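Given below, in the form of structure tokens, are the structures.
What follows is a pair of complexes built around subunit A, which joins subunit B in one and subunit C in the other.
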Partner chain A sequence: MSFRERLLAWRYNLVPDHAIGEILSKRWTDNAIPFLALVITVAGFGSAIPGFFKLYSLQESTRQLGELSLVVIGVTVVMLGGGIDLAVGSIFALSAFAAVSVFFIFELPTWLALAAALATGFLFGAINGYLIGFMRLRAFITTLVTLIIGRAGYDILVVNFGSRVQMSMASSDLWDFIGDGTLWGMSVPVLTALILAIVSHVALTRSRPGWHVQAVGGSRRSAHNAGIRVRQTVFLTYVFSGLCSGAAGFLFATRLSGAGPGTGHGLEILALTAAVVGGNSLGGGRGSVAKGLMGAVIVLVMTNGLIRLGYGTGTNQMVLGMLLAVAVTVDIRWLKNRHKVLNEVYVAPVYLKMGEPLSAVPGSGTPYELNNRLSVADHIGLGELEGPEDVILDRDDHLYCGTRHGEIVRFFAPDYTRSEVFAHVGGFPLGLAFDRDQNLISCVGAMGLYKITPEREVIRLSAETRRSLTSIQDDARLRDPNDLDIAPDGKIYFTDSTKRYDAHDWAVDSIENRGTGRLLVYDPADGSTRTLLDGYRYTNGVCMAHDNKSLFFAESWRCRIHRYWLEGPKAGTAECVIKDMPGYTDNINRASDGTYWMAWLGMRTPSFDLSLRHPAMRKRMTRRLPQDDWLFPNINTGGVVKFDENYNIIQTMGDLSGLSHPMVTSMREHKGHLFIGGILNNRIGRFRIEGANPAWDANDAYWGKRS
Partner chain B sequence: MAAKVFGDLRNFNQERIVLVVTLLIFATSSIFLPGFVAADNLVAIVRSVSVLGILALGMSLVIIGRGIDLSMVAVMAMSVALYLQLLNGGQSEGIALALALGFVLAIGLLNGFLVAYADVPAIFVTLASGSFVFGYVRSQLIDTDAVTVPAGHWLLGLGGLRIAEVPIEVYIFAVLSVVVFLFLRFTKWGRYIFFAGDNPAAARNTGIPVRPMLVLRYVLSALTAFAAGLLTAASLQSINTRVVNSNLLYDIVLVAVIGGIGLSGGKGGVRNVLVGAALIGIMLNAMTILDIPLIYQNLIKSTILLFAIIVDGLINPRDEQTAQQGDI
Partner chain C sequence: MILDPILDVFRGRAITIPPLDGAFRANTGLDDAAVFATLPGADDLCRHASGVLASAGRGLFRLRTGAAPEQVETHPAPISAIAASGATLAVALEDGTLIENGAAVARPDGVSCITALAYGPDGALWLTNGSDRHGPADWANDLMERNSAGSVWCRAPGGGWQRVAGGLGWPFGVLPDTKGAVVSESWRHRLVRVGGGRITPVLRHLPGYPARLSSRPGGGAWLTLFAPRNRLIEFVLRENHYRFDMMAKVPRAFWIAPAMSSGQSFLEPLQCGGIRVMGVHKPWAPSRSYGLAVRLDADMAPEISLHSRANGKRHGTCAAIETEDGLLVASRGGGMVLAPNAGEGA
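Here is the complex of A and B:
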């Protein structure tokens, strides 16, 4: 290996490029920009304003922050549900007036003032919710109008009763404490906002109503079609927002002990800007309470800071307008282009130098020499099937295979001309195996490990394993369960080919070539799933050795077969037993003569092998070219290989015509015939094996003769 | 049978309802309010809604194209304030007018660009730009809330101009109405506005230049706002920037929506603006004659606006299956 190539290998195999894409695909990265803005704002104004960080100054300025935060939390929830609430400005003012009038004019206790403020908020929220949720009016214009109505009503009230409030002598310690006092160094509004923030965060992310809100905001139509009561959910978001504004209004009333003509004026724009600047999406579905709070701090520090720095009338509006425009534009553009950015950076190829293979060229005289023998196979289900990745036969000689449409199809013996859908599982059923009780176990691509009973009941066995400690993306989920086999004790050994890509993107995984394939075991005794091995380049076929003391598994993109020991001195370890094959290894199954069949899903090419040594080229390729122009592994030619316990290659068969079985992903020997499947094929092949035991049934070999 | 009744009900659309209501209020007021039908009062009614009507014409262009322009009042007040400030500062007429017009065009273009090319919802763009325009001009360019028209300026002459006892702004409103009517009805781009408002995606697929036209509409509404601002300054001899904080903006939306221009775009026209303006003008005048205080007038107006929106929602209901995601 040249020095240059060694540097390349270090650069691409040790630097975790893939982390960028994985981090970007996390939803919390949305918070990065607002958080940065928050830090800059606070640091900037904090250093420009003398005494900004003094405790008393913080306590006083955070009172207003607590009130604004309450309002913003309400607006955030409404926005998450796909709406918008501008009426908060006048709800806030009216609630403040309700509290003030109850306390000062009617001279009633403080808790009644709170009740009055909350009731006002509830009433207005309910009106908005009814109009927008149930009557389905447009949220923006409707709340704009209720804002004006509320404002007009408030102006009338203040003109008529404002003086009576000022002349009142009512007072109460509780009232003064809420307005002036601190608890554990924090003012009451801040405490209230914190508690409400935590409660609503938990409710939004961990409770059914919260999920409904997010679902409605994320896709109103889908939520409706899924049976969520969309209108009621929307209604409730406005009620919640009204209550939040009501509480904020009450706190405002205790702080100022009055309600003047300007109360709550422009609060709606302040709250809306805060919610959007924090990164909550317009139109719903994306956002969080934390974002709202960040936005509230940014907006309030900025507007108050400008006032304290002595800028004149209008500066606030100018800054708010700019903030709002920039935040909304960034939000919309980010939302639109995020997946493009992600696509651009997600594929992070690594370096690999493949070993020199023995040639498979016809006439080369090696054991891998390809021939045309598979081209004479009979076809089953020609044109009816799409994607029989694996095939299997039961004790009654019926033939089963999965299809691209998420079904398991059964062909009836003896001639396999009639078929039926045996079960609909969903996903893409790949590997198949029968257990002792004739349950069909399947690795379902994109879903997990499933069991289909003879009564056709579909049962999920496993969809996750333990998450690994260093994972960025949650790798507990099985993304691409591929093949399985079952030990005599009932444990199911199966592979999950890649953590980085969904099942249908397996070809992209080959270009990245990063080792993220796993071997796992499912224990039916306690229903647990454990990861046995990790870090292989696309683990694929699994097959129990004939003595059941070890198993073979294939590592496709390295063209290798490994043996994993279940018993004996090497128990729990794996060793590579066949390496540098000329084809990409796929499913492995037992043969009747004590050897093993293995499928090649495609053949290596010098060009793709070379590209594996040039990760930078593959990276450029995935970023600059359309997918149709990418260099992929060759899957137009495959084959079947037979090897024995000592890893000698006994036989190789192919279809050079490319007509019947260009790509082979599975083969299953049954009573003297070999049944051949291919994930991109439109048929199952049946091939008569010369000299094979015509009575051999894999079910007997695994589980003994039928009793 | 039910379908037929329902069909008839639909036929009885908002514009006709409003027209009937307007006539009823007019008749009632004529009978019960002293001096309501006097010629000078009628002229006062029309005059009082002229500026509002002109603004509503600009707004209706935007709304028909499925947008909304909440920055109109800010543009109206602040552009004229800027213009007058420049004049008071000794700039020549030509330069001041050019700068003010340039400012108006810039705001219109910015609005249009963000809506059309950055795909930002119009309400947020114009809400933000309105706030920015007010804040920027108020804090950076002018010193006081109100800016007066310099003595001897042509605006003063315009403000006092009357033809056959009717103030000039009524004529300007009439002329602009006709121009907008002709534009919407008889020019290709006018018709395109309806197509783009009705179904933007389909309009784009048929090859209509949807995005440049969107920009054009926001420029037109900004220019209309500037014109309305000049007229306001002409009749009041000054422009008070506090008008931005008033309910004028909502009155504009009120005139457009109550006249029957659907907020979902694609329908309406100058006639709807006229009907809406008539109703508002008569109502305001009647309330003034009845000596109802301004704050109560606001309450009444906004309540009427709410009902207009509810009726709009009932006549043009949104469909759960076809409603646009994020269409707020």
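Here is the complex of A and C:
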């Protein structure tokens, strides 16, 4: 191995490149940019302004922050629902005025002042919501109109009644406490904002109305088609926003005990900037309360900081405007390009030097020599079936297979010309096995381990195992359950091929070649699932040895077969028993003569083997070429290999014509015939095996004769 | 985007290939064509006074309607090009020998890779030398080394050999006319006009690797392309480490390189799009080999084309000529001479 190659091997096998793609595919990465902006803003102004972090100044700032946060939460919810609310400034001012007038002019109790403020907020929110939600007016223009009208109304009221407020002698301890006091070191506005933030976060992410809001914002039409009452949902978001502004207005009124001409002026810009800077999408459907709060802190720190640094209102507005522009640009570019970036960086190949295989070329004289014998197989279900990855027969000789439509299809003995959908599971049913009670157990790609009873009831057995400590993406869920076999005690041993790709992208996993395949066991006694082995390059077929003391499993991308010991001195350990095959190993099943059948899903090619030693080249390939042009292992030619207890290769069969069985993913011996399945094929093959025991039925071999 | 040139430094340049559109719109013209003769290794064609001649391996064959080809000559080395003018016949062998009317004649110094021969209207003999570094059989090496060491030579009647152009990337066809000659330059996917010491492109961005050219009776020409452009191959051509490793360690038949035929062995490289799904091999799948004959008008603009697509077998089309009986196309990968109905092209 050259020095360069060794260096490459270290570089690509030790540096966890795959983490970048996994982090990027997390939804919380959306928060990364606003969070960074938050840290920079706070740190920047904190160091530029002496005494920025002093308690009193923080206290004052946080009161303001609490009020702004309330408004921002409201705006965030409206934006999540796909709208925009410009009227918050005037609603805020009118609510403040309502509270002040109730308290000072009519000299009524504080709680009535709160009620008046909330009622004002509700009324204006409802007007907005009615016009936009039910009358289908444009959100921008409508709220602009309510902003202007509300503002004008407020100005008239302040001019006419402002002096009466100032002359009033009304006072209340509660009023003063809300405006000035603290509870556990926190001011009332902050506390209110915090509580509202938590409640609305939970409501948005974990309640039906919250999901409806996000669904409507994501796509109105889809939401409508899904049966969500779109108009009502939109209406409610504006009402919520109005109530938030009302509450904020009340808190403002208690803090200043009055309402002046400038109250709430420019608040809509502030709130909108905060919501967008925090990372809430203007297009709707994407965002969170947390983002809104981050934005509120950024905007407030920035405006207050600028004022304290001695800059005037003009500069302040200018900075806000620019901030908004930057945030909107980043939001749109990120939204547009995130999946492209993810696509480009997700595949993170590793280095592997495969062992030199024995040749499978016809005439090479090795036990792996491929021939054309499978091409004479009779076909079953030609043109009706799509993707029978595994095939199995029951005690009545009926034939079962999965299809890519998520169905288990049953072909009726003896001629297998009639078929029916035995059960619809969903996902992509792959490996199949019958248990002692004639239940059909299946590994369903993208879903988990399922049981189908003879009465066709579909029961989920397992969809997750324990999460590993270092995982970024949740690897508890089973992404690509592939094949299984059942021990006499009922324990189900099965494989989950990869943590990195979904079941339908299984072939792409070969390009990355990262070892993330697992061997798991499901215990029917307590319903638990445990991970036995991890870190194999695409674990695939599983088969109990004839004596049930160990099991075989295939590691596809390394062309190996391993043996995992259940009993004896090596119990709990695995060893590689056949390595460096010329083909990619797939399902393994018992043969009637005490040996084993194994499928090759494809053949190694020298160019692909070489590319495994050039991970950088593979990475560039995935970034620069469309997937159709990627170099793949040759999965257009497969075969069936028979090996014995001592790992000798007894026989190899193939279909070099490529016409009937180009790829073989499974085979099942039953009463002297071999049934052949292929995940990308459109048929099942039936092939008469010379010299096989014509009475042998795997169900008897596993579970004894039918009683 | 305006930033692309800067970003390309970090992420690499996009790999684009010309689409099969316009005159190159895909059809099954070659796949549906009648087989005129079965001739394994059929490579070059020419019109001789005695009939249509075809070269295949070491043999020279006369094609006959409704009968098997008649072998008229056998040479000690495989034939790499043939040309005829009336009863005059020129044959080039892969070892560099040039034979005219049965006798070896002088060839230019250093030329040992004759890929095409043609007689001009004035009787001058033109030849293309694919590369200074490799023989005709090693064309794949020449491409993978990214050489442009080909040249074009002309011998005026009664004169000596004159070098007309050099520095070409595997010239593989020549069509002399009164002003010089049009040459197909395979590695650069274009037709160029040579003469007067200049090389001028006349048709660029071909969707494949152009092979031989032949004149049509009524003006214009037939051009064949023996392999398609393929993004993976173009990508590998930029990947120096992988490419040289591949040339050193992988047998040539299994390289990621254009080929005269593909799908023969399971050891050949496979691309994702070439996977057989539900028994179907997509005709538009990326492929290493292809069959394509193109009719050019008098200005060398493509008019119609005939295809054998990724799921076909009549690939490696290296020569096409039009006779009184119609069009004949030699498919080296398919081992046959085809008689397509040219009117069926699109």
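The criterion applied here is as follows: the second predicted complex is superposed on the first by the 701 of 707 C-alpha atoms of A that agree within 3 Å, B and C clash if a C-alpha of one lies under 4 Å from a C-alpha of the other, contacts with A are read in each partner's own complex, and residues count from 1 in each chain.
Everything below uses one rule, namely that contacts are C-beta pairs under 8 Å (C-beta built on N, C-alpha and C of every residue); 3 or more make two chains touch, one makes a residue touch a chain.
These figures come from a predicted structure and were not determined experimentally.
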item: When subunit B and subunit C are modelled together on subunit A, clash or fit; value: fit
item: Partner chain(s) touched by A:G283 [first = subunit B, second = subunit C, both, neither]; value: first
item: Subunit B versus subunit C as contact partner of A:Y311, first or second or both or neither; value: first
item: First, second, both or neither for A:A507, with subunit B first and subunit C second; value: second
item: Partner chain in contact with A:H614 - subunit B first, subunit C second, else both or neither; value: second
item: Subunit B versus subunit C as contact partner of A:A19, first or second or both or neither; value: neither
item: Which of subunit B and subunit C A:D628 touches, first, second, both or neither; value: second
item: Shortest CA-CA distance in Å separating subunit B from subunit C in the superposed model; value: 11
item: Touching both subunit C and subunit B, counted on subunit A across the two superposed complexes; value: none
item: Of subunit C, residues touching subunit A in the complex; value: 11-12, 14-15, 230-232, 235, 239, 241-242, 245-246, 249-251, 254-256, 263, 265-279, 285-286
item: Partner subunit A, residues of subunit B touching it in the complex; value: 114, 118-121, 123-125, 127-140, 245, 247, 250, 253, 257, 263, 295-296, 298-299, 302-303, 305-306, 309-310, 313-314, 317-318, 320-321, 323, 325-328
item: Residues on subunit A engaged by subunit B in the complex (per definition of touch); value: 82-84, 131, 135-142, 144-146, 148-149, 151-153, 155-156, 159, 219-221, 224, 230, 265, 269, 272, 276, 282-284, 311-322, 324-325, 328-329, 332-333, 336
item: Of subunit A, residues touching subunit C in the complex; value: 4, 344, 360-361, 370, 386-387, 507, 603, 605-608, 610-611, 613-614, 617, 620-621, 623-637, 656, 658-659, 662-663, 680-683
